[in-house]
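Next up, some structures in structure tokens.
Note that subunit A is present in both complexes that follow, paired respectively with subunit B and with subunit C.
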Partner chain A sequence: MRVKLGALLAVATTVVLGAPPVAAQQPVILKVAITQQIDSLNPFLAVFQSSTEVGRLMYDYLTAYAADDQAVTEGLARSWESSADKLTWTFTVPEGKKWSDGQPITAHDVAFTYNLMLTDEAARTANGSFVTNFASVTAPDDRTVVIRTKTPQVTMLALDVPIVPRHVWEHVGSVKDHANDRMPVVGSGPFVLTEHVAGQHIKLKANKTYWRGAPKVDELHFVYFQNSDAAVQALGKGEVDLVNRMAPAQFDSLAGKDGVTRNKAQGRRFTELLINPGAQTRTGEPIGDGHPALRDVRVRRAVAQAIDLDALVQRVNLGYAEKGAGLVPPVFTQWHWKPDEAQQRRFDPAAANAALDAAGYPRRADGTRFPLRLIGRAGRAYDEQASEYLKRSMGDIGIPLDVRLVSDNQLNEATTAATYDLAFSGWATNVDPDFVLSLHTCAQRPGADGKGGTTDAYFCDETYDRLYARQLSEFDQGERVRIVHQMQARFHDQVPAVVLAYDNALEAYRSDRFARFTTQPAQGGVIMAQNGVWGYYGAEPLQRAAPAPGSRWPAFAIGAAVLVALVVTALVLARRRRATAGERE
Partner chain B sequence: MRLAGRLGGAALSLVMVAVLGFFLFRVVPGDPVVSMTRGRPTTAATQEALRAQFGLDRPVHEQFWSYFTGLLRGELGTSFTFRRPVADVILERLGPTLLLVGTSTLIAVGLGLWLGVRAAWRRNSALDRVTTGVSLTLWAVPTFWLGMLLMMVTGDLFPSRGMRDTDTPPDFLSQALDVGHHLVLPSVTLVAVVCAEYALVMRSSLLEELHAPYLTTARAKGLRDDVVRRRHAVPNAVLPAITLVFLRVGLVVSGAITTETVFSWPGLGLLFYDALTGPDYFLLQGLLVVTAGAVVVMNLLADLLHGVLDPRVKVV
Partner chain C sequence: MRRFLAHRTGTAGAVVLAVAALVALVAPLLIPAEALDVTRVTAPAWQPPGARQWLGTDHTGRSVALLMAQGAGTSLFVGLTAAVLAVGIGTLVGIVSGHFGGLLSGALLRVTDFFLVLPALVLAIALSTVLPRGLGTIVLAIGLTSWPSTARVVRAQTLTIEARPFVERARALGGGHGHVIGRHVLPSVVPLVLVNATLAVASAIVAESTLAFLGLGDPTRISWGAMLHQAQLHGAVPRAAWWFLLPPGLAIVVVVLAFTLVGRALEAVVTPKR
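Right after this comes the complex of A and B.
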């Protein structure tokens, strides 16, 4: 009896606490799970992907990328033109667009935002690279913005900079100390930020006066999950409506689940294997401790040739990826480069062995040539599985691999300091390929003190750099695409890194509550992490949405039942005890 | 005089913690500025400006001096990640942690001591065997696994994350009930894991008292079994458990990293984890000072309380 009471006590004390808050579900709410914290709501400081995504919902950019094909389309500016020398760009902000507080959006807001970034170091924290080439930004009238650049800049229609309302921000004393949390936050996007509880959730309300038309949902809630398994479970239970960034196994676990629709989309990310090509600083000083053999491009090619990319995609990505080649994933159709017959590097361990022999690295008596180190991130399933696979591949060509899986910070430190032979890495790419291409120019290598670099693979190649400079000022789209393809071919040929796979973006949503989401691009595109806000903006609730499955009434019932049981047990016990006490005395 | 010594000792520990906190976290690998700008097109000039803004470009002894003098003025600096004062960031996470770890510690202490006493008093009974077996099993189970398992088997009954739903009405009652509802799974997980410690400590220390002559005397006086246990045996056996409880209460503030991670509970444990991935030096230093401070203070209290509970321990 007493054992039962103890157990009951334990359960009851906790269960009884769980009673049902009154469900008031009149407004249509889209609940989205996010697994990354929000660092800042200040669009000039926010660097985390999650914060950028929320920022896009609050503030429109000057231009946008269309949902169906990611082509440049109207943002705050409706039209634009450039001068013959391509140094002056004139954008027209049409009449009729309004901030969420009813004030008109004008060219002065745009000029104010860019000038704030030009004059205030802190305002350049998140998006500073977009304005480094700006000479001046002016607004001669309410409708016209004139941007003058120092040199012709081909990315002028891809300025991913949130435009802020001048009438609010001109009163901000210090950008670096401004939290931007006075709710509701005045913005121009389809949703207005109304609440942020750190580490818990973010709430946005539909901007009914949004210039493209009001969104179809009333509220958009982002709820924070530290644990992606819990997020997937929460989708299954109906606590959230939309989840992304799922691992292949998590995605598979939702197959055939009632009320849940999965979306396997072409992603913006690729996974790569860095091969230290003999890292040097910007001034040509050697840095790090990469294996000297890898300075020989023939050795790097042999390493790449010994990896079976198809098998990696099938076994490690479980088929949820495409085999890698160039730096731009296939989702960006025109920039994506596919090696032709001659450029193709086929999986061929025998040829790789022969190439290493020819390069002057014969097998020694024990069958090995030289050892290499591979560094990856502990706890990332891909690195754990792919490293085992690579161990075998490298073993086949006489290279014993010493695998070290470390924390995110340690991995970062090793790749920054070039203290690696092979390392796992990866990038998310943008609509315009400039950024991901720029990571591999000589100028991105660190200074003499080893700091200030953003290089990805310590690549430095004259041909590549020349092509990079050319594409940056090539305004003929067809020609620029051709150059960008050439650059990727050069990168592929010189192998400072092997692009292993273009990861699919794995998402799922409650299709018993939402009929449709706008994907970008229309075919095989993503709902979340778009280059835009179409996924949330275009969310269409079902006419008769199923009641939220996560109803709390059963919990209340259990709580009440346990409480009653507890009281009865206590009474019985007390009576029994009084009886025994009487008997004993 | 002894009291002054204790207080001085505690103060010295706090200073050591503050000094250690500064150097300890500087050894954590990683460059905060690189973390801050990861995945962004960043110029070298921007990186330099960030370094200067957070004072990371200054010599270490200068950084230490400004940290230490700031600490004396009660300033903990600005978090790199959240771009806000460290004290604010810690304060908003303190409440949830106190609620979760406080509630579960209370339940675990009560339940653990109760079970420990019963198990020892009826040694080798069914209750004893079940208590010891279950406690040891739960003590050995990985918290992460237990949490996920509870989440799965309870199905729709309890929420999987956080402290509140986003669509709960704003009135106090609804909010309170909602928080209670969210509290169930994480606190059951925590109780299940730590309860064993109290039960086993209580059981073993009571077992040592069982054959003491004064219990025979008490029984010979004709006292009831319950009274012998409550009035005579337990007060003498409870001291080791009290020490343990106070050690634990000190740790309440530091949160429960694993449980908070499984259930995305917005507490200090989770914050600590996030800060380490920066590494967010100022936030880490602040967290260490606050959490270690709590342990030092609780230990001091335990010392003083011992004197009250057990006259043999002389404090003053």
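Right after this comes the complex of A and C.
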């Protein structure tokens, strides 16, 4: 009995004494709060922003976008050239880059990935649009990838496709059912996925052999939060180091907080108000029940003119946005279009009233012209508040607005089936404007059965479509920029949607633990949700000083608690022993 | 009446309700429309309570005190109409199943049981998601989910009444169903129904606040629950803007308490002493 008690105490003492050294060797961990779930870890299937972000950390693309100006830079391929007819592209994958398991990265990996997408429908789920125009992809040697396209394609240096290791993926039977969760997952990016617990956390370890050099942090953890309020609270308490996608009010609440630095960045997103321009299917059949008056472009212009965009930015976005105009946000400096004096649509309710009178919609006896419905998402702060402003703006030009805030699904249904007059929407744009521009071409409207196509606003305009086709095969950068500007001007003029604001990306991080993060672009850029992973890769921890006073306390406290627990257990055991012994006698 | 006044807590509850009702009726007439129009207010947002703004301002600069007064109407209206609807359905089902018995009674009881075991909040959420947004939907969702307990109570009372000799006498003298229900059952059930209704209003107000807080209410109308929803949505919690969170919450508690107190007092008055 005595011996046992003594042993227990000895164990307890070693636990207490042994604790502090363990604490001192802790790796540098960057903890990031996320609220969006992961849909898949398989890079061919993942479409959620959160999943593609993790995918970018795990797998490099053929090319990358530089941190400071988003220009195309070295990815897996270091150099590239195209033939005179722009149909054949040759990429060179240099020697010395390695997968995280030590195998060299070769041109065969690249060719394998693209060919998998060309041959397997499931592998085209997430990024299929990049390869639809590919004729063939070959790797004549370990260093060279040759891609032949059917028609000239301007986005050849913006192929956002994660390249996977052939020696791992050639053993994958069915891409559709492959969860890609054999930890650690072999990859080429700056971090290696080591753990994923759905709905709780994702853990990645630094890839020490990363070809750009090892990241400055040892581990990267993504921690799930139910809502961003909770994430912001956790940042305030120091439980996480980095939070993004904050609401303006949350961002304001962190002002002046010790140890927290806020980052107000130009975002890639814009918020818009769709105006149903008389939706039709691809074959010209009318679809939905948009108000007929909105088919008249003069009415749409009047509606747009009656909206006070400055007031919305100031009072609804609380100033954390820029006034909207074209489809490309100002963060993409060269593609962004600014209306000139003549194109500018100034807030002017009087002119809007006059325009509606002239268009043949005079005010009736009760002072109204015709009613419109506005549909938005319930529970989205912007929609709930902006709808109040729009109600007032439309009321001022004699249009009573019936505001209906509905669930996400109902909103999607209404915008897809074109059963709206006005609706809130928004998109994120890429470095290359092709995608966001393509949303407004006639071909993106749904087929006769109402399915297919991803039209944003049921816009169909001959001039716009002609310009779209021209920019797609225009290899002279300056000329392409000019066409893209023209397209945005046309869109702005025809108003199938009013771009209300370019939202700022609001982020904050613990500056008492991290000195700086690499933003993209360098000036006013974002840390998370970049076109790349520079933010995480470039995270610089503060110099690891001697453990701050107090940091030993938790270790001691745990040790003491263990000691107390063991002593109590020992005493209880001893007493029970004695008790049973007594009973035996 | 005098017996009711003898219950001090009940009287206190009644006074609170009278004040709330007065505010709800008078507020819409006195508050200018601009004061609650987010596009017209001039005060800065998130102002703590002070001399000019008794209860501070919300995320758009509207006075929380005015919102409270305006919201009283919606909360009380929904509470009352939903309770009337629920008690109405409950009374009808209860009397019919108690009086007629047999197959009809069995069927009605099974329906009652079905609604009784179904979690009311979940059903209300489902209903308010499917139906178009609006005050009517909320009333319907609450009313349709909270009638079963009334039905059970009323049925029990109907059965005891119908077992009494005077009902038998009335039947023997040739009284039909309508006569028995209208002349004998209903009058003796009404006090019970009244008590039930008072208590139902309390739970309906809580239900309305819950739905509105979850963002399922009528987004264009101000109610106390909707205020809590907005406070939560627009970041009153991280801002520690207690003046936007506490008043609606306390108002709900006080009014619900008042209804409960009145209900209990009425119950004591109506139920004969044993």
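As a convention for this text, the second predicted complex is superposed on the first by the 518 of 585 C-alpha atoms of A that agree within 3 Å, B and C clash if a C-alpha of one lies under 4 Å from a C-alpha of the other, contacts with A are read in each partner's own complex, and residues count from 1 in each chain.
Throughout what follows, a contact is a pair of C-beta atoms (placed from the backbone, for glycine too) under 8 Å apart; a residue touches a chain by one contact, two chains touch by 3 or more.
Note that this is a predicted model, so its numbers are computed, not measured.
A.B. asks: Contacts for A:A378 in the overlay, against subunit B (first) and subunit C (second): which applies, first, second, both or neither?
C.D. replies: Touch partner of A:A378: subunit C, not subunit B.
A.B. asks: Is A:S407 contacted by the first partner subunit B, the second partner subunit C, both or neither?
C.D. replies: both
A.B. asks: A:A126 contacts which: subunit B (first), subunit C (second), both, neither?
C.D. replies: Touch partner of A:A126: subunit B, not subunit C.
A.B. asks: Of the partners subunit B and subunit C, which touch A:K203 in the superposed model: first, second, both, neither?
C.D. replies: first
A.B. asks: With both complexes overlaid on chain A, does A:A179 touch subunit B (first), subunit C (second), both or neither?
C.D. replies: A:A179: touches subunit B, not subunit C.
A.B. asks: Which partner chains sit in contact with A:S253 here, subunit B, subunit C, both or neither? Use first/second/both/neither.
C.D. replies: Touch partner of A:S253: subunit C, not subunit B.
A.B. asks: Could you tell me if A:D229 is touching subunit B, subunit C, both of them or neither one (first, second, both, neither)?
C.D. replies: After superposing on A, A:D229 lies in contact with both subunit B and subunit C.
A.B. asks: Which of the two partners, first being subunit B and second being subunit C, lies in contact with A:Y537: first, second, both, or neither?
C.D. replies: neither
A.B. asks: A:S40 in the overlay: touching subunit B, subunit C, both, or neither? Say first, second, both or neither.
C.D. replies: Touch status of A:S40: first partner only.
A.B. asks: Per the overlay, which chain contacts more subunit A residues, subunit B or subunit C?
C.D. replies: It is B that touches the greater number of subunit A residues.
A.B. asks: Touching subunit B and also subunit C: which subunit A residues?
C.D. replies: Looking at subunit A, the two contact sets intersect at 229, 233, 407.
A.B. asks: If you look only at subunit B, which of its residues touch subunit A in the complex?
C.D. replies: Within the complex, subunit B contacts subunit A at residues 28-31, 34-44, 46-50, 53, 81-84, 89, 92-93, 107, 111, 114-115, 118, 126-127, 130, 148, 151-152, 155-169, 174-175, 177-178, 180-181, 183-184, 187-188, 191, 224-226, 260-264, 266, 270-271, 273-274, 277, 279.
A.B. asks: Can you check the complex and tell me which residues of subunit C touch subunit A?
C.D. replies: Against subunit A, the touching part of subunit C is residues 37-40, 59-60, 129, 132-133, 215-216, 219-220, 230, 232-240.
A.B. asks: Within their complex, state which residues of subunit A touch subunit B.
C.D. replies: Within the complex, subunit A contacts subunit B at residues 2-3, 6, 9-11, 13-15, 17-22, 24-25, 29, 31, 37, 39-40, 42, 45, 47, 49, 121-122, 124-126, 128-130, 132, 176-177, 179, 197-201, 203, 221, 223-227, 229-231, 233-234, 237-239, 407-410, 412-413, 416, 427-428, 435, 438, 447, 451-454, 549-552, 554-555, 558, 581, 584-585.
A.B. asks: Quick check on the complex: what are the subunit A residues that touch subunit C?
C.D. replies: Touch list, subunit A to subunit C: 229, 232-233, 236, 247-250, 252-254, 311, 315, 378-379, 381, 384-385, 387-389, 392-393, 403-407.
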